[in-house]
Amino acid sequence: MSVDSKPVVPGEKVGVIEEFSPSGLTYEKDGEIRSLVLGEAMYDKANRIISVKSVGLKSKIPKVGDIIEGVVEAITYSGPVVRIYSVNGREVSNDLSGSMRTRDIIGNPVRLGDVVRCVVTENINNTLWLAMNSQELGVLHTLCTICGANVTPLPPDKVKCTKCGFVDSRKMVGFKPFFSKKHFINKLDHEERNRRFKFNSARKYR
Amino acid sequence: MSAAERKHEFVDSLRRRQIIDGLSLGKRTDGRGLTDYRELKMEIGAIVKANGSAMVHLGNTIVLVGVKVNLGTPFPDTPDEGILTVNADVLPIASPYEEPGPPDEDTIELARVVDRGIRESHMIDMSKLAIQPGKKVYSVFIDVTVLDVDGNLFDAVSYAAVAALMTTRFKKAVVKGDEVIQSDKMMEMPVKTIPVSITTAKIGSHTILDPDGIEEAVMDARLTTTFDSANRLCATQKGGEGWFTPEEILRQMDIARVKAKEIRSVIKEAVKNAKKS
Amino acid sequence: MTELIDKNNLRVDGRKLDELRPIKMQVGILKNADGSAYIEWGKNKIIAGVYGPKECHPKHMALPDRALLKCRYHMAPFSVDERKSPQPSRREIELSKIIREALSPAILLEEFPRTAIEIYIEVLQSDGGSRVASITAASAALADAGIPMKDLVVGCAVGKIDGKIVADLSDIEDKEGEVDLPVACMPNLNSVTLLQSDGPLSKEEFKKAFKLALDKCRYVYDIQRKALLEGYLAKTKEA
């Protein structure tokens, strides 16, 4: 397999569609293939494919499956909001935030100001949805809600203040994800959920 | 900081497609041809307190321009020339998307483009506006008030400003000893040429003249060109978040050049009638 | 009025009619900005920095289908002969808008819905034709930030002085001359994204000036491209 490469700037012609088919970070206009970014044009001569490899954005926008770290900025009715400062271990400055759905969390796993590690479960037009549904995800750093002192983890789902002894619920990193009846409902198949929803709403509006 | 704020009516992509489909059949939303202007009505001298004024109706767009002439000190780099200032204000009653407050970037652009059209065509003989070179000159304020927005403010304001300037009469100042005082004799604005602004818009691959509100909201790009009486190009401004090919620009200028003559005769006629009465 | 062109067809600074001032460009000069570029065009010294795509503030301005492009053109108080107030003047507000509209056709804003891309242009020293130099620097900064673009945007101003069409007006030529005609284009896509003019031009003169501007844009493009590739190679060597 032979792959040639050359550095290109955006808009630069990298080939024609008679010879190559355009692939990642290129576009085609009037039969010519042009680069979209500053980077390296890769010519895959065996498969006749042109793509451009870019250094990429300095501040990455998280994709589904990325692990992010951030600070809980608000706890709203629809769940905690996390201001992201790192994506896959690389610091970002794009100031994006994501939310956790209430259906993905049980009890009070985080509090305001906690530093958390989450996975991105959905990215709908850069509206990010996060979850902490595995052992290596959760709160990285937290303080006592009452007195602000350090806390010690109290598995499986609590932390205890070293100063005032207040016990609070948290999903720390290393804790197993919580399970509850609510979580069980989430796992039900669609039909069952619809049936229950109808039943509930019928009762409500009667 | 400049950002694309929504200032026009809400248009979805369906509306845009509908308009483009109409244009490819040579039809516009209000039944005009592609290079037709909306009805241009001019009411000159409506504000008697101003030295000159004109209200222009271009379709549903209504603008009112008043000219005031004061005495002022010249700028140090042009000691023997008068001062020309254009100020625009789009009133909150003019559009649901307008709010009270300092002028935003669109309004500033409007004022500056109209200013450029008048200044760079050398419409007013600025040297005749000097009274005592370096000390006292006439200072001409053109204040634009937009009353109703339905597209193509650039042209409507330009026509109104030009018509108002052509009918401006102000008290002649005389030098008496060391002082400059206003006499009772009236003086007319020294007008050399009549600049006419023509705005073309590009929607898809179509070129239209005088875009109205909805067309302005769906357009790709706009080109405002101003021509003087000798049909020379005096000012240009490209606007909108799109682009033109060089050929499109040359073609649009040819269309605009012809149209400018037509509009100029309308302005001349209106000014003549106003001066008669 | 001073004579701007002598009998040998040379201008006040010794340039030929269609000669540009020396241009130097460098990209990636700022550490914090996602992309940056510096341009020296004659006596113009301009820095452009790009942040983004990032969270849009205020949030209600975010667009559901594309990124919001924000642009600020700002002149340092000491950049001109007389001190300029640091508050944005009307000229700066208009140029911010014009520059944003010149750059936005090139950027693939649809790739980053609900975010904002911010362009900051700081004119440290101004010497005629600063808007086209700003556009050239800003589009290089955008490319340096890794933002997908259909093409680079380059600008060049032409004008008419002493009745002759010349390229790239300097400060004095801009003030004393008759016409200034800044043009910005995407050279590979044959599209003009900025066009302004002030001063009387006949039909033929405009055609000639416009063509000269597009030719000179091509020349500026080569300089810009070289600077970008140099910046890219330096960046990859580091990594």
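Per-chain residue numbering starts at 1, and chain names A, B and C are given in the order in which the chains are listed.
We take it that a residue touches a chain if its C-beta (ideal position, glycine included) is under 8 Å from a C-beta of that chain, and two chains touch if they have at least 3 such contacts.
Model, not experiment: these values are computed from the prediction.
Averaging C-alpha coordinates per chain and comparing to subunit B, the farthest chain turns out to be A.
Innermost chain of the displayed assembly, by C-alpha centre distance to the whole-protein C-alpha centre, is C.
The geometric centre of subunit A is 37 Å away from that of subunit C, both derived from CA atoms. Remark: subunit A and subunit B have CA centroids separated by 51 Å (rounded to whole angstrom).
In whole angstrom, the spacing between the mean C-alpha positions of subunit B and subunit C is 27.
Looking at subunit C, one finds that residues 186, 189 touch two or more other chains.
Subunit A meets subunit C in the complex at residues 7, 9-13, 25, 27, 29, 34, 36-40, 54-59, 61, 93-97, 125-127. Residues 32, 34-35, 51-55, 57, 64-65, 106, 108, 112-115, 143-152, 186-189, 224-225, 228-229, 232-233, 235-236, 239 of subunit C are the ones that touch subunit A when the two sit in their complex. Here subunit C touches subunit B in the complex through residues 61, 63, 68-73, 90-91, 93-94, 96-101, 104-105, 116, 118, 175, 181, 185-186, 189-203, 206-207, 210-211, 214, going by the rule given at the top.
Within the complex, the subunit B residues that touch subunit C are 1-5, 77, 105-106, 108-109, 111-112, 116, 119-122, 223, 228, 230-246, 249-250, 253, 257.
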